[in-house]
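Just passing along the structure, written as structure tokens.
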Amino acid sequence: MRPENYQAVKLGQSNEYEIFIGPNHPGIEGNYAFRLMLDGDIVVSGKADAGYLHRGFEKLMEGRLWIQNLAIVPRICVPDPAPMEVAYSMAVEEIMGIEAPIRAQWIRTMQLELSRVAAHLFTFGGHAATTGMYTPMFWGVADRDLVLDLFEDFTGGRVYSIYNIPGGVRRELPPEFLQKLSNLLDYLESRQNDYDNLLFTNQVFVDRAKGCGALTQEQALELSVTGPNLRACGLAYDVRRDDPYLVYDELEFDIPIQTAGDAYARILVRRDELFQSIRILRQIIERLPSIKGKIRTPIPNPLSWNVRKGEAYARVESSKGELAYYVVSDGGDKPYRVHVRGPSSMHAVQTLEFLAKGARLEDVAQIMFSLDACPPEVDR
Amino acid sequence: MKKINYNDKGSILNPLKNLQFYARKPVTEPLGPRPASASYRGFHINDLDKCIGCSSCQKICDNAAITMVEVPSIEEDASKGLRNLRPAIDYGRCCWCALCVDICPTSAIEMTREYVHVCDGDETDSYFIFPKETGIHGDSFEKGWTKTEDSDLLDRARRPMGEMEPEARIDNFDEIVDGFTMEMAIEEASRCVDCGLCEDACPAHMHAPNYIRSIYEGNLEQAVEWMYETNPFSHVCGRVCTHICETACSLGHGEGESDPIAIRWLKRFAMDNVSKTKIKQIARKGKSRKKSGKSIAVVGAGPAGLTAAFDLVKKGHKVTVYESLPKAGGMTRYGIPNYRLPKDRLDQDIEVIQSVGVDIKYNVKVGTDISMAQLQKDNHAVVMAIGMQMGRSTRIPGSDNKMVVKAVDLLRMIPKGDEFNVPKSAVVIGGGNVAMDIARSLARLQKQKYNEVNITVSALEQLGKTFLADDDEVIESKEEGIVILDARGPKQCVIENNKLTGLETVKVISIFDEQGRFAPKYDEENLQFHEADMVVEAIGQMSDVSILGDELTEELEWNRGRIQIDGNGATSVEWLWSAGDMVKGPDVINAVADGHRVADDIDKFLNK
Amino acid sequence: MNKVPIDEILNKVNGIKITHKRKTRIRVDVDADSLPTLLELIKGRASYIHLSAITCVDWIADNQFELVYHVWSYEEKCLISAHTRIDRGSESNPAKYVSVYDLFKPADFFERDIFEMYGVTFIGSPRMEKFILTEWNGVPPMLKDFDAEAYVQETFKWTDYNPDWLQELTDQGGGIAVKPEDIRTAGNTHNMSTHRERDKAKAAAVKANEKMQGWKQ
Amino acid sequence: MSKHKEGHSKSYEKLKLKTTLKEILDVAVSFEKTARDFYTAMIPKVSKNIRYIVEELAEEEQQHYDLFLSLKNDPYVQSQLDERIKTPTENHKFSDYVQLLDLGDNPDDQTILQYALAREDAAMKQYQDLADNAPEGELQDTFRFLAIEEAEHKLELEKKYYEIIHSGGPQ
């Protein structure tokens, strides 16, 4: 059903209306629609409607060489592309039975955390915008751009880094990079007060966010909610710690939690996580110079690269939650099957539909953004 | 980090604190593009001179953004591995992943720090660009993403090949090169980018990319199947081929240390590891069940003659091969020493060819035992493939002494087991591979008989510059104790009392002119005498065309001393074809290619 | 509380094959009939409550679908991937399997996704209906026998470009030699651009050119 | 063969007597003609497969003949001779080591080439000697020019010799 063909329908004698939000609602990342049954301004039921940006990534990947897919995977989640590359590479490495050199693992960790910082900044802005506050949105996007400058510096691309490769990363860090990173972290920390004043302790925002889209821990677990959304329900669970990958077991960081499970709790978890990421990055800045060695384990030349038969389920903690790649190889030069398990496939469909029920129409956008749903993960 | 308590209510005044921003300096960014970072993946540039047209960029492109275009003004030379294809890029599809940069075997394609292109709707043609040293807008920009050692997707180093140590090999004729193990072969095969330059370069157009791929996949039988499509002398070529393919290999074009794929050793590996029975089955594939009723005589059972025979038999014709020597193989048997080509391998190639139905008559000398006229009478077509088995002499003073011998004659005696007096010391005149073959063979015989090596090779050509023999041959010869005196011209064989005492040479200052043609300059003062019991001349060979007989010689058209043939090997006489060394000069793979050509043409002729 | 080792629980299922891949990954293979029992067991007895994903793999050569249920335990910190194979069915008799929605709510999403992309009907799943491909009437596109590349070539038109430089090259007798789609549609890249392919292409070009000349005259 | 050797020494005497440039060129022209006729006569006698060598030799002598003839008739001949002498071609003496053989009845390619090399070498030396003994001026310049011409011709032959005889070997 295309929106241009859609007209709000008044159903029979009741006060119920069916309306369509999206697919370009400002409160929604990407092209995604939501069909709501309203009774007055109270949502009776909601139905997620995907398909506006279906590019058939999983199908495409089956038709491309192992390495060519690296140019595809980051596109599945624009705000937080790095975990996609890393998860795919890790899955392929597991099938091949190789490991990235330790230096590459540190660099990957750095990339993931930088990406998390960028993604959270983006989400702050987006979330604020759904409550009608646009300044944090501009700030979030502007500050994220500074992170993108660093991505450009060390990966060669601003958004789609295409920096990972099974076996490691493609390039050494440029000279002075860690100094630049350190300066950026200083700057971001200096911005904390500004964000707190404008957003996190702004009474208008606090009032709007509290109680909005609240989940209990039981509900969250039943719905397979992960990431900050789950941690906002009081469960200190993080793939980085509980199913460690790369060098996370060598890093010190806390897992921030909240218990209320609502939109405000979720954004507070993200705020704290941003600073945990800065903490991790500072440790990396300190440790990385002493970690010498190669950044790539050699793989056969990609044009004739047959990955041996096997399968692997690689999980990472993206800014949105548990991101997993299930990769199957039949021994050929292309993946036999790649399944992308994005955290939003849970958050943006069943959880969103569940939370929308009974909410007021004006809160729907905030609920969706507070879940940090990334529709391309549903629509891959 | 300041903690925020969930239960805090926040304050309506907090946002007002940000009014302080009015006192801050505004952030301003200049309009217009800023320079991108030093490793930015901007627009492409391509160094057209470095680019060889291998199309690897096109194959790695995940968005089908690269079209190969033919540029007629660019040199195309298959034997050097140069195609006149160059990439053109469709920026409507490109995703700027730079995999094309990272795979380019010659590092020709790179990206700049330029990243802005704006055009109107009716200017979509500007999306399709042909990158040169300058990028999309014809401007030179600083380079962004270029290939680094880390980002290089290709494995540049050849797997090392094991060899017998000099001490172990000098007193015998055992094969020197170890050959690959399965693991090494797969690793080596994995380096191939499948550009096909090797196949273009190979005279027989062997499907090297296909059999390399099969080896990589561990399917050696399939690899051998690919080989037998174009070469029934795969064992021989797996060992002694001149491997033009490796010269053409795109990996060998890379800067710095970048080795071509060891295509020859891979071929050898596959052949060595598939059973003879299986190879016979493979060789029979595609053999016609129908008999054509036509018969063909082939003169000479060398690679050219037997390849032609092999093809013709598979096409249903009856083929008889006449060989003047007791065994088949031609120069591969009677010219190449066993340590380079073990004769059992050659025997197998020939056995496989015979198993398809080729009939070889040994010890029959055409021209003496049976005339060409007779062959013509008895057959529908005749193939001349007698090779170049006669050695040239320098004809310097003293060269008519009986202890001045020709390399090819000696080399023929060794596998035949003919007795001859191994000289205690010998000088070889010549700097080609034949000179090395006889020097190293004599060295082995000397070691066996006298326990010491005393061989000198004297060549006009200069080592490392104009020398004709392969580098490996030179290195290994030196390891085996052979002295190579390069840049020396033979002046005379010194004879005292009718007995050879040695060779006198004169220093060559330079040998070729600017055009690369022979124009030697000598230093007359610089004379040297080399004591020797035997002088071996290894300067060149020719074909014994006298077997054709005067009448046929007169009837045929000639081309600078060789029988004139057309592109298919047909001579000016309707029933006669000629192939191999005698028309093309010495080279096994060329001979094989010739054999195929001739067979195809004869088949066409017979089916007319 | 005495923890029952996971293997002991898994082994209650008939015909199970257990592979410990690493500390946090266990692969089990079970019959299609036993899979729901297995999931119930590990959820109920071993705290595997988080359904991370359900993956479908189309093994067309075996005429089977493989369904993989990835289930995580927050307590054990371990992921069990339960593999099972079902009949691939046919157009007239599509594949069917039993839904695990009553065990894991998120199965709703995954099963609907597989229904849409592979055509497997999950009996008992609440919404066996279209979701992403609402305007698609073809075969389920993730099936191996749906050729996406061919579909794209048939359905969409590539932009034809005619920049000046290309015209110049064409005038010199050169121009487009190998199009990217030629390489891609060949499927197997390793056979391309060898001399035979090029010769054939060249011959075709010469022929086409001759034809053109004929037209002009 | 012997006849020709004789011819050469005879011609030496003949040339020494000459004093004017035109007369010298006349004799030179007639020498080239003799050589051309010699090779031309040889063509049908050798085996067809090596006939090209003799044909080419005859052709080269013909070219020399034409050159000397045109020189003789060239009004600016003096200035041209000066040009040539300023850039003498070296004699590399390769032919010294090629033994002079009898041509015999059925010569092979190598023999013919060796014969031709020796012949050019002898001619070159002859002119060189003449130049050395001639008084400075027009006469000496002429001899020098002729010597250089023959040297160049010999050099071309040497290249041909190398390319035909030193044909490399099998691998």
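Should a chain be cited, it is by its letter among A, B, C and D, assigned in written order, with residues numbered from 1 in that chain.
FYI, contacts are C-beta pairs under 8 Å (C-beta built on N, C-alpha and C of every residue); 3 or more make two chains touch, one makes a residue touch a chain.
Bear in mind the structure is a predicted one, so any value in this text is a computation, not a measurement.
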item: Innermost chain, taking as reference the mean of every protein Cα atom displayed; value: B
item: Whole-Å separation of chain centres (CA-atom averages), chain B against chain C; value: 43
item: Rounded Å distance, chain A centre to chain C centre (Cα mean); value: 23
item: For chain A paired with chain D, centre-to-centre distance based on mean C-alpha positions, whole Å; value: 89
item: Inter-centroid spacing, chain B versus chain A (mean Cα positions, whole Å); value: 53
item: Multi-partner residues of chain A (each touching 2 or more other chains); value: 65, 303-304
item: Two or more partner chains touched - positions in chain B; value: 59, 194, 213
item: Inter-chain touch pairs (all); value: A-B, A-C, B-C, B-D
item: Complex contact set, residues of chain C against chain B; value: 159, 161-166, 169, 172-181, 183-184, 189-198
item: Residue ranges of chain D touching chain B (in the complex, touch as defined); value: 47-53, 90, 92-94, 97-99, 101, 109-110, 114, 155, 158-159, 161-171
item: Residue numbers on chain B that touch chain A, as the complex places them; value: 1-2, 4, 6, 8-12, 14-15, 17-18, 27, 36-41, 56, 59-60, 62-63, 95-99, 102-103, 144-145, 148, 150-151, 153-155, 187, 189-194, 212-213, 216-217
item: For the chain A and chain C complex, residues of the former touching the latter; value: 1-2, 48-51, 54, 56, 58-60, 62-63, 65, 221-224, 226, 235, 237, 242-243, 303-304, 311, 313, 315, 322, 324, 326, 328, 333, 336-337, 339, 341, 345-346, 349-350, 378-379
item: Footprint of chain B on chain A - complex, ascending; value: 64-65, 67-72, 135, 142, 149, 152-157, 160, 162, 168-172, 174, 192-194, 196-198, 200-207, 258-260, 264-265, 268, 271-272, 275, 294-296, 298, 300-306
